[in-house]
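We call the chains A, B, C, D, E and F, going by the order they appear; numbering starts again at 1 in every chain.
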Amino acid sequence: MAQILFYAFALFTLACAVGVVVNKNAVNAAMCLLLALVGVAGLFVQLDAYLLAFLLLLVYAGAVVALFLFIVMLLDTKDTASRGFRKVSTFASVFALGLLATGVSAFALRGRLTTPNPNLAAAVGTDLKHYAYQLFTTYLLPVQVIGFLLLIAMLGVIVLSKRWEGLDDIK
Amino acid sequence: MNLEVVKLAAADNQWGAIFPELMLACLALALLGLEIVLPKKLHVYIPDFALSGLVGTLAGLLFNFRPATLGHDTFNGLLHHSEPGQVMRAFFLLVAILVCVLARVSLAKQKMPRIEFYHLVLIVTGAMMLLAQSNHFVMLFVALETVTIGFYILVSYFRTSTASLEAGLKYLVMGALSSGMLLFGIALLYGVAGNPDLPAHTASAMNFNALAQFLAANPHHFLASTGIVLVLAGVAFKIGAFPFQIWVPDVYQGAPTPVTAFLAVGSKAAGFAVLLILARDVFASYAWLVMPVLTAMAAATIVFGNLAALTQHNVKRLIGLSGVSHAGFLLLGVVASATVPMAQGAIYFYLFAYLIASFAVFGVMTHVAGANDSDQDLDHYAGLAKESPFLAAVLAIGLGSLAGIPPLAGFMGKLFIFISAFQGGARWLLALAAAGVVISIYYYFGWIKAAFFEQWTPPADTADPRPARTPVSFVSGLTLGSLALASVLLGFYQGPLGQWLTMK
Amino acid sequence: MFDFFFQLHPVIQGLAKGLAVIMVIFPLAGACSLAERKVSAWMQGRPGPNRAIVPWIAWIPFLGVFLQKLGVFHLMSDGGKLLFKEEPVPGHVNKFYFILAPALAIMPAFTTVAVVPFGAYFDAAGAAIPLVLANVDIGLLAVFAVSSLGIYSLILAGWASNSKYPFLGSIRASAQLISYELAMTMSVIPVFLWINAPGQPGTMSLAKAVEFQSLPGFWGGSWFIVLMPISALIFLISLFAETNRHPFDMAESESDLVGGFHTEYGAFKWSLFFVAEYSHMIIGSGVFVLLFLGGWNPLPWVPLSTAAQLLGITGLPLVVGVLSIVIFLAKVVAMIFFFMWVRWTVPRFRYDQIMKLGWQKLLPLSIANLLFYAIAIAVIQK
Amino acid sequence: MTTATLNDYVLLSAVLFAIGFFGVLLRRNTLVIFMSLELMLVASTLALVAFSRFNGTMDGNVFVFFILTVAAAEVAVGLAIIVALFRKRHTVQVDELNTLKN
Amino acid sequence: MAVIPLERKPLTFAERTYLPQIASGLWTTFKHIFQPQVTLSYPEQRPAIPPGYRGVPTLVRDPNGREKCVSCQLCEFVCPPKAIRITPGEIPADQADRAHVEKAPQAFDIDMLRCIYCGLCQEVCPEEAIFLQNQYSLSGYTREEMVNHKDKLYELGGTLPDQHYKWDQKKTAAEHGNTH
Amino acid sequence: MSQLPFDPLLLSIAAPLALALAIALGLPKRWSVLLAYGAFAIPVLMALHVWFHFGDVAKDHGYAFLTRYSTGLDGLGIGLKLGLNGISLPLFVLAALVGLAAGLYAIQSGAERLKIYLMLLLIMQGGLMGVFASVDVFFFYFFHELALIPTFIMVGVWGGRDRSYAAMKLTIYLTLGAMVSLLGLIMLYVKSGAQTFDLIALRDHLAAHPLGATLQHNIAGLLLFGLGVLVSLWPLHTWAPLGYGAAPSSAAMLHAGVLKKFGLYGLIQIALPLLPDGLAHWSHPLAWLAVIGNILIVGLITIAQRDLKQMIGYSSVMHMGYAFLGIAAGGIIGPGGVVLLMVAHGLSVALLFLLATAIYHRTQTFAMDEMGGLAQKTPVLAAFFVAATLASIGLPGFANFWGELAIFVALWKFSPLITALAVAGVVISAVYGLRSAARVFFGPSTEALAKVTAARPPADLGWPEKIPALILLAALLFVGFWPKSLTGPINAALTPAAAAPARVVPSAPSL
């Protein structure tokens, strides 16, 4: 059962990811991204990381992709049919595909890790309090830094998009 | 989970250890607060406030250069405080001060909000300081991203200029790509190092010390190697090393000049600080992999940077590409640092020399530049020596130092790097670097030539194409003068700094 | 009692639960639309819908007239009309997303129901067992996460309509949703700070929140609306905004946007949007009741267990369960009434006022509130 | 309930990463490039969560928090830049953004 | 003109939160629930039509049951929405009581889908033949039904008392040698 | 040691540099000029003082006046160690003298933006004094570069025709040479294992642990190539005539007269004692290159020159050929002769450049075809020029004669064929030297000149010009008549016995 679920979600995610890359229409791509994220969230659930799954939905699907969709629609850019992709020669694309295949097969063949018994390892991702304790003890400093990161991101977006008036009088 | 354990873990957050960073953060917040509180008339003084705060922080840092935490881990092993870390802290503070000085000149020509710029600079500086001391991948990533995102904004700060925005976008795409690679590399390393079936696996797999031990125990693991290469790729972007240098000319050209300086010096130095930690300590047991990669990278970087710079007419592109070649020289030092203890000191010295020289040049650039910040042509420097000899002299000294001409500081930096590279056995790389220096003379000298030798006859029929030069204010004059002087003096006399570097 | 259910195949169990949700929420949403009409009528001194009647029910004395006067059959005829009406699909729309959007609106609305407990009964040991489809630890977070997906229906509907009013409406609505999510999330954190005292396994389960409002003692038994009025206020306001209800109904804003994001929609697809809106309202009200109004506890300081003892039905879990559901639903209904009440009281905001309120008032207020409670809890538990 | 092996997850995330990478390399629309970048980040988080689950350590899971936050900030800034640029140039195609050429 | 600055009391904190106002508003609306309904159950209860009500335009006859309209078409010209259409016709000579009237409408249609109840037709009518009366409920299943034809108009209009008997006087005058 | 309460070597380096710094910081023009006299004079006074006392002070490894100042790089074995031995002493004096002459000439020249011109010249002077005073290989290189930089700028800013191109070419070539020689020095530093740049320590160390043959060949190759470029070894000499042709006279005097000797000095002072095998390995190619390229080819090119300044530039390239021959010949006499030649050539070529500029001021041209008959109007100038030309040809009575003689003597042992060819070069130099003198000063006056002289009748050499010329000429004659004053210390330094037992070196604590 769980195996089937994994493969279902994995294939779904991959298909959607491919959809992001090959879709000519940016809206379709964004929707594919959304679905891929839902798929990943499903995988997270299978990995017992419920919190992260829902956070992924909340942050990524709920805000980030929505923002994407917004902008795509706002800018209303239409990829004309022939120009969706960069001009790459057949050689380059074959090369890229070969690279992809080599990389993945290298991962599949050489990168094998023994799977530790998942039942032995405590399902650490389930308890919410674990996250909170980690974030506010061990990782307190990064949390603070992230706060500043968000601050400057916000400030930056304001600077970049706000209509500034009356700037003449400040020197 | 036991409450006591939590309390212990929380008690390990020694905020005193990152006092300078805290100072910067508070200063940054204070700027925003002042902007709200103060009447508009007084907003002029907020940059001064930022500047004096920075100077104060730097003074405090130097005054207490050896705090009690030196040599220890703090924040549960997220940070490691070392002497190089202290030096880099001072370095970044110095960079921030200079960027602020340049920004005062440069921002005056633009209709853009001012305070936010200084705020961003302060935050990015603080993050850089943390980055140089991070001892844990989470800390590394978070600090790196703070720096990077800050730079996205800073690069596109002159948003009325298409060039600035385009530069920002390019930097963004490349930066995000490299962050992705870095991140995947970290994930792989974390996964491998924590795998309970491997020898010397560790529970805190993102901690550098633990990771280094694990890597030493598993010297040829495929996934670990992949992770290392990906992490190196992510860092290589920051320093603009060869395959990841493609953003450099465009971004340097488009970014506001103070930001270009910040990128060229601060960001690059941060990258090297991280690279040194990673390549020397963490990935030490994977030297069979890291060193060839870095060597190839260094060679390609030197060749590319110098050759590409030859044909440039826009000085910002020129200095960007020359910066790529400087990254190549520094990489040479990193390669050497695996075996030669002196190389680390050499890199720091080089960075300082580069800082001083670059900011001298950038300082002149901000004064020569017009309202269109991305359009700074070599031709605009015509007649500079006649019209403002001070700027011309500073420019000459800065460029000379960048080119590595004795008796300027840049030469000493190159010398140390070369010596250590030779000791490290990187002969061919060294020969390449020497060739690079000779090539670099050509374009640096071309710039000096433009400023000094060309007689400027204003065209009779059209308006003067050179933008009006900003008069040198007292503060910027003082700064530029002391930079030039420092460039000269550091070439003659290295004093305690030299002692410290060579004792490594 | 429900053992046979738990012996079924999990897939069938899931299907049954899903079906149950649809069967309950759809009529409920319809009932809400009727309630909206009736309540507005009452407030405006009108009788409201009171005509439709099925002939043979009309023959029932009193009840027939009562139901007719209540307008119950209008609901059915509305539903029938919407189902069988012609489905207009304008020629200029992007058909795929145009049809997808209403479906997307419904999905998150129904999914969130799964994690909202709607009652409790006591097992043999006296412990309260919440009645909920999926009692996950994440609880509230799941509600937030899934309901945040509802934004896509707005965006897609507006965009796919390929017409300016729907597009403006969708942009306004989605920006509003994103803006108020922040304040909303911030406002409930104090509740969970209170619940998750150090030393206990953490949870964001909604049932736990009710459990904490059933404790003995003055502070224990008081509902969180008493303990945290500001939180409740912020949550409530954000809830209005999140459900696009008056005075935040920027998405529709008939006076300036024709009909908002669903201008181009008609018939059943249009009704789906409304079902979604009403289900959001129901679930939002449910969450508010659970978090701040004591859930299935009948009165402040009178928890369900006490009430059961007073009524002497402690030994009958089924009865207690039904009672709890009734109490809970009564509160939800009251909340829905409140929604409608507000609709006819407060005028609609301007869009910039909404953004200003969300970002400049509620968000700082919720942060201050959070800080206050964090400090207060730290001091209390010292 | 995990019966899929660690390798499956690692491979999956690697493929996802590669797909994102190629998206960045091949697409011309900056918005889609950006989406591909997000795919890469998500691939990394998937790997982290999987490792965290199988290794039994929390670090990976906690790291995901930071990644999500960073990604959100990055997208916000990036889209702001794209919009500002679009206002000037009326295009989001990378090869039409060629102001910066020597 | 003297400008008198109006001193406004600054809002109190409570007022600035708007909450008291909202609460009082809620109270107001809540009270309305229990106030008696002010609506009529229309088909069962009919509204009292006040005098001077302007309902559907109709044609009237004089007390002698004669058609008053002489199809002068003034109303047709004046009608802003062009709801009225008149086809004039001769009055056959055999109608003795109308002998002095030259014309009468062959057809008189008012399209009630167009009519805006402005009353200009009534205003302009020299014969006082068209009146807006207290008919307010007009319905039909088709568009055609909504066009009131002449017979319908007369049916709706009925007879109104007439003081002038203009044509009778004219007739008398004519009979008396047409002198004034 | 000396009786002075301060270190004369440091003072002679520091005085010009300090004044340069003061000018850079904004010293007024009047003070700059006044102080410049002092700054140029101090090195001469010090040099003379050192010269007089050289015989009677204590020496370590042949070095007198040793002092060491730490600059913070002790860990790398780098420190400012000053001292003079028999080889550097004559060159030190030469640098001081030529510097004084160039400085005096510059002050009177009234160049545009004189202050900056003087500043650059002072930097050059300080660097030159440093080159010859430092015992530390690093500082030896360092000071050379310090002196080199102003040259570029002076050529670029104050130069004549094609100055931009000339400056560029000069810079690229010289940087190439400097970079390659730096690589050689680094290689020497690292491979010697001594972990020091101190020449004395290096000598001691390498005497105990000589380098392998291949290594010596490689290092010597690098040094020969790098330093060769700096000394304008054929075929990489093209920067020299071009640069000198464009350079302002003082810069040309200092560079051609003194700075260019750096390469040769380096070879003698560093390569010869440290890499004897390496140098021997390359001696034949070097000799052939020098005799065919520098002496014969360049000599013939020199004859073809029409431009006076270019001709002097080419002649200096040609004379460097003799110096290379002397080094290739080896032994004591060869290098000794080279040192002597260096001094002599430095004085004579500086004098020639000075006079060429003086001529230019009177004729407004450097084209020899457009001159003639100047001797009647300016007899003193003519006399000086003829004297200088004769000196440069190598007439007995001038210093050059002794240098060339010594080289030929040494070279005979090395290869008679090369000697023969080299002697043929002397004939060439006589041809162009005498011809130029004849062209400029004797014979009929050309029309172009007549026009110029009509506008501004040429005055004879005045005192401001005469004094520098006199200084140089006097020195030439002094050495020419009393070569022993130099050969003594030189021989002493070149004999292997010079490596006297080490003595404690007093060192100042820190700079």
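By our rule, a contact is a pair of C-beta atoms (placed from the backbone, for glycine too) under 8 Å apart; a residue touches a chain by one contact, two chains touch by 3 or more.
Source: prediction; values computed, not measured.
Counted as hops between touching chains, the shortest connection from subunit A to subunit B is 1.
At the far end from subunit E, in terms of centres built from Cα atoms, lies F. Here B is the chain whose Cα centre lies closest to the centre of all protein Cα atoms. Across A-C and C-E, it is A-C that has more C-beta pairs touching.
Computed centre separation for the pair subunit B/subunit F is 42 angstrom, with centres defined by C-alpha atoms.
Mean C-alpha positions place subunit B and subunit D at a centre distance of 25 Å.
In terms of their C-alpha centroids, the spacing between subunit E and subunit F amounts to 121 Å.
Chain geometry summary: the mean Cα position of subunit D and that of subunit E are 71 Å apart. Of all residues in subunit A, those that touch two or more other chains are 55, 63, 74, 107, 111, 113-114, 116, 120-121, 129-130, 138-139, 142, 146, 149, 153, 156, 160.
For subunit C, no residue reaches two or more other chains under the stated contact definition. In subunit D, the residues that reach two or more other chains under the touch definition are 6, 10, 20, 34, 45, 50, 54-57, 59, 62, 66, 70, 73-74, 77, 81-82, 84, 94.
The touching residues of subunit D, counted against subunit B in their complex, run 6, 10, 13, 17, 20-21, 24, 30, 33-34, 37, 40-41, 43-45, 47-48, 50-51, 54-57, 59-60, 62-63, 66-67, 70, 73-74, 77-78, 81-82, 84-85, 88-89, 94, 97, 99-100, 102. Put simply, subunit F touches subunit B in their complex at residues 24, 71-76, 116, 127, 138, 141-143, 145-146, 149, 152-153, 156-157, 163-164, 167-168, 171-172, 175-176, 179-180, 182-183, 186-187, 189-190, 511. By the touch criterion stated above, subunit B contacts subunit A in their complex at residues 1, 6, 9-10, 12-13, 18, 25, 28, 40, 43-44, 75-76, 78-79, 108, 111-114, 116, 119-120, 123-124, 126-127, 130, 138-139, 142-143, 145-146, 149-150, 152-153, 156-157, 159, 191-192, 195-198, 222-223, 226. Only residues 1-12, 14-16, 18-20, 22-23, 25-29, 31-32, 34-36, 38-39, 42, 45-46, 49-50, 52-59, 61-62, 64-66, 68-77, 79-84, 86, 91-95 of subunit D touch subunit A when the two sit together in their complex.
Against subunit F, the residues of subunit B that register as touching in their complex are 342, 385, 389, 393, 396, 400, 405-407, 411, 415-416, 418-419, 422-423, 430-431, 434, 437-438, 441-442, 445-446, 448-449, 452-454, 492-499, 501-503.
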